[in-house]
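Next up: the structures, one after another.
You will see two complexes here that share chain A, one where it goes with chain B and one where it goes with chain C.
Moving on, here comes the complex of A and B:
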């Protein structure tokens, strides 16, 4: 029997009729554990309990399925490449811990065969200790048959940074959650997201930046392109908790609407119980400017190709923020492959 | 005159119900450099945008042929593939698209597919002419470029795409003396390397200093009011456009 669980819920909720307050997903009663090489069970699972973007019901479901957290072997100064190629239902909770002053560079490449019908859940938990840096890049590009949930939770200490770059391309229904707990003074969380949704693909996102500490800073930047009955919902919450004086949070979204068949929903939310903070939201959502298309066509590029280039550009805007050269090259090669396919 | 490649006859163009070009005639031969001069609002840029096929510019009568074919029936990208190019007065910013990717796609659209290695080598050679750092290839197209950098990027595209006829729309506007000289060197290199024709739209003359000019056309109120050789440029520099406005 399938479990129906609630994920990506907005706190506080808005009008029900907008249908953005939460999302429900149906999952098998229990999910088998996925396996990633070089991982080992964490010593104390209680120490890794943290809030994530998808929310409590997903974490409870994973616990009920016996998916206990495992710690990945990420070493400072090296690029940790994790390839997840889904061939059957699998769920996993991967933990990363950057010790004081350390830097972790992690690249995850999520794929599945086009004809595989399966469900995948990947929960990533990150602890960034004082003065550490975690650069996490995720390329989520499964085949049409994979229903995928990508869920992230972070706790960021004094002067530590977590820099997330995510690329969403392909798959059918993808749900993504992200939550940063900015508990350290002068801590930083950044999300750069590039997405292409087409051919009826959906993407449901809930990203929360929770500022607990003074002078903590967060940024969410999304660039994307939607076409052919695609649907995307983005909930972006910046939550300034009392005591986070001098905190600064910003979220910006730029989405190209390539035809009239798509549905794009954006729910920016800034919550504030501290006076001395700066929160902002900006959005640019619409069709490509005719001047831009004219410019491209004046170089011999036909309209359809110009739209493809702009679609791919929405990914590159995020990719340009990948800090690790090896990760950057890897992702650029993936994008170049798609260029050859056009 | 050498073999005619562009022929504009009695061209009338309106923009948002206002007639801008009122019966303009122009002929350009292969390898020739023509200059269009005129005061602000004379219709110079309208001519360039109309030739390139911008949709807001409605041709109400007249004809334009390019290598004997009806240019006005072609879409903008088709005109470019036939060998027409325009350097924009205000080049458009295209976030997320690298200059290298844009030029490579443009060259491919024109039938010149290059490996990445050959492309970078060819681009680096042309960038030397323009005093451009090869690092610009990895930057987003025109995003955060200064006025001079944008114009250099336009001329780089000209050198890489090697069109048969290039329209330079106010390419020297807003540039300092050094930048004009560099851009002018790039245009000269196009003349030497490609031997293509040029239609230079300008209301100043600094960009012309290093170039061989075959014909100068003065436009006022939407049509050509005077024509001459290189010396007409000097005359305008001395006396301005006033006498043509009165004519």
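Moving on, here comes the complex of A and C:
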């Protein structure tokens, strides 16, 4: 018996006819636990309860399936590489804690074989203590048969930073959630996302930056390309809660639409109950500039190849923000490999 | 002589809050049922098709749910709303024939004066019926039809009315369209023939005087090929301690090569639930312009929508919303690009003050095949204090590759340095902040005729009064 779970809810909602208020996913009644090397159960699961982008129903489903949080062994000054290759249904809650003044560099590579039919849920919970930095890079590139949910929650203390870089390429249906609780003064959350969706692939996203503390800052930057019946919905919310005086939140999205068969939905909310804040959103959605294509074609690059170069550029816009050199090299190699495949 | 509204200096809300004694010829009991619908239909001497339409809308109304995505409307109890209140007069074409108290109310609001100074025609609705309607002879001679809706329903243009009535705003769209279809009363019908350019605006003004009543006027405007019209809508009501309801419908048909500008200054009292619907369909090479100022009401749902059906059709929306104490104003716009090479330009501003809640809600949809669509949306919000709330909820749904869509939104506060500068030039802090807010609203006031821009600035000053401390 499958469970029908509501995820990625838009708060507050808007007109129902636009079909962006939430997404429903069907999951097995229970999911087996996934295993990541070097993890250990957290001492007190209650201490890791936090809001995430996908929302309460997913967390409740994981709890019902007995998926208790495990703490990953991430050490300061080292790159922690976590490879998740899905071969069957699996769900996992991975916790990372950066102690005061520490820096964690984490790279996750999510894959699955093309012929595997499975469902995967990965929930990542991050606590960034005072003056700490967490650099999380996720490359999400599963095969067509994996239905994947990637869900993140963070709590960011005084002067701490969480920098997220995500690359979405491949898979069929991917749902992604992210929520930052900017509870510390001068805290920072940044999301840089590169995405390519094609051949009927879907990506449903809900990203929330909740500013509780004074002078907290957040940024969401998305660059991507859609073609061949792909669908993407991006919900991005900057929420200024009363008391976050001096906070600053910005969202930017640039999406290339490469043919007439795609659906691109963008829902960038700014919610505000504090007077002294600065919030902004900018979006640019459309086809590639003809003069740019003309220039490339005049240099001997055919139109299809030129479009591939622009697709790749949309990933590189995000990748360029990867702080750790080792992680950067790893991700660039993946992008280069996929270029050769193309 | 009673107090009159003046252009700039008057910042006295009492102009809007004067209550006339209710001396109604007819006031139907509160609530909504088939008997009430039949009696409204009888009062208005509806043709058979309209009576059946009303009854069908009542069924739809009962089936549909109250929308859950917007501000709460729990304080609106239809069992305590009287849907039809006819004043003790029939429609007149001379102000001299309008009963003294009603005439005085409209004079205080400046309607006869505006008619003399700058309008080609005026319709004035009081509660559920028009009490005055007149159009300049020269405009009439151009073939322009501007009449009350009931006359249009039965006269020479009855087929045209039937062909268009609630075809854009269909009753099944949402519960309050269905309510409107069931109980509508009053409003205007405008037809501008092919090629006719109406050089000065027409205006309808809606005044709801009756306590605990609803106003459900219907406005239908058809601008034929190559024609041009500016239509202005104003509204106000005195404040009561019970809920009043406004649920009007505005349907606009803009034909090939035509242009229509629809301007609204909404200043309902702060016990009003303003659940209004407006939609325009724009044909080839035609242009729709919306200018909207929302200041009043307790709760508003107001999103003028535009269907850019024809190739090369365009739309421009300029709007401002000012939410003060006790107000929850959910406003914005919707546009759907269907034809090729269509374009929309949207510029919204919102101000939240003294605990008011302002939500700017927009949607831009570009349908498959709408090649060459261009849309630019800008939403700016100003938070005047930290007890208010300001939300921006835009949606873009793009389904073609050949589109150029831009969206920008920002939120901020009144800059301290600007207030300091103005105070250093001798202004009080209150005046300095009011001036800055008026400047913020400049995009709308520039689009309005001078008298209306002055009224809007007047309303801003009124709202900003007492904003310090």
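Keep this in mind: the second predicted complex is superposed on the first by the 342 of 342 C-alpha atoms of A that agree within 3 Å, B and C clash if a C-alpha of one lies under 4 Å from a C-alpha of the other, contacts with A are read in each partner's own complex, and residues count from 1 in each chain.
By our rule, contacts are C-beta pairs under 8 Å (C-beta built on N, C-alpha and C of every residue); 3 or more make two chains touch, one makes a residue touch a chain.
Keep in mind it's a predicted model, so treat the numbers as computed, not measured.
Participant: Which holds for A:310: it touches chain B only (first), chain C only (second), both, or neither?
Facilitator: A:310 sits against chain B, while chain C stays out of touch.
Participant: Counting only touches as set out at the top, which of chain B and chain C does A:263 meet: first, second, both, neither?
Facilitator: second
Participant: For A:291, is the partner it touches chain B (first), chain C (second), both, or none of the two (neither)?
Facilitator: A:291 sits against chain B, while chain C stays out of touch.
Participant: Give one of first, second, both or neither to describe whether A:301 is in contact with chain B, with chain C, with both, or with none.
Facilitator: The answer is first: A:301 touches chain B but not chain C.
Participant: Going by the contact rule set out at the top, does A:68 touch chain B (first), chain C (second), both, or neither?
Facilitator: neither
Participant: Is it chain B or chain C that touches the larger share of residues in chain A?
Facilitator: Partner touching more chain A residues in the overlay: C.
Participant: Check the residue A:30 against both partner chains and state whether it touches chain B (first), chain C (second), both, or neither.
Facilitator: In the superposition, A:30 touches no partner, neither chain B nor chain C.
Participant: Quick check on my understanding: which residues of chain A belong to both its chain B contact set and its chain C contact set?
Facilitator: none
Participant: Would you pull the chain B residues touching chain A in the complex into a rising list?
Facilitator: Residues in contact with chain A: 52, 54-55, 75-77, 79-81, 85-86, 88, 91-92, 94-98, 101-102, 105-106, 109-110, 140, 157, 161.
Participant: For a test of understanding, state which residues of chain A touch chain C in their complex under the given definition.
Facilitator: Against chain C, the touching part of chain A is residues 12-16, 18, 20-21, 240, 242, 245, 257-287.
Participant: Would you tell me which residues of chain A are touching chain B in their complex?
Facilitator: Interface residues on chain A, with respect to chain B: 223, 254, 289-292, 294-303, 305, 309-310, 312-317, 320, 339.
Participant: Can you list the chain C residues touching chain A in their complex?
Facilitator: Interface residues on the chain C side: 68-69, 334, 359, 361, 363, 365, 368-369, 381, 383-386, 388-413.
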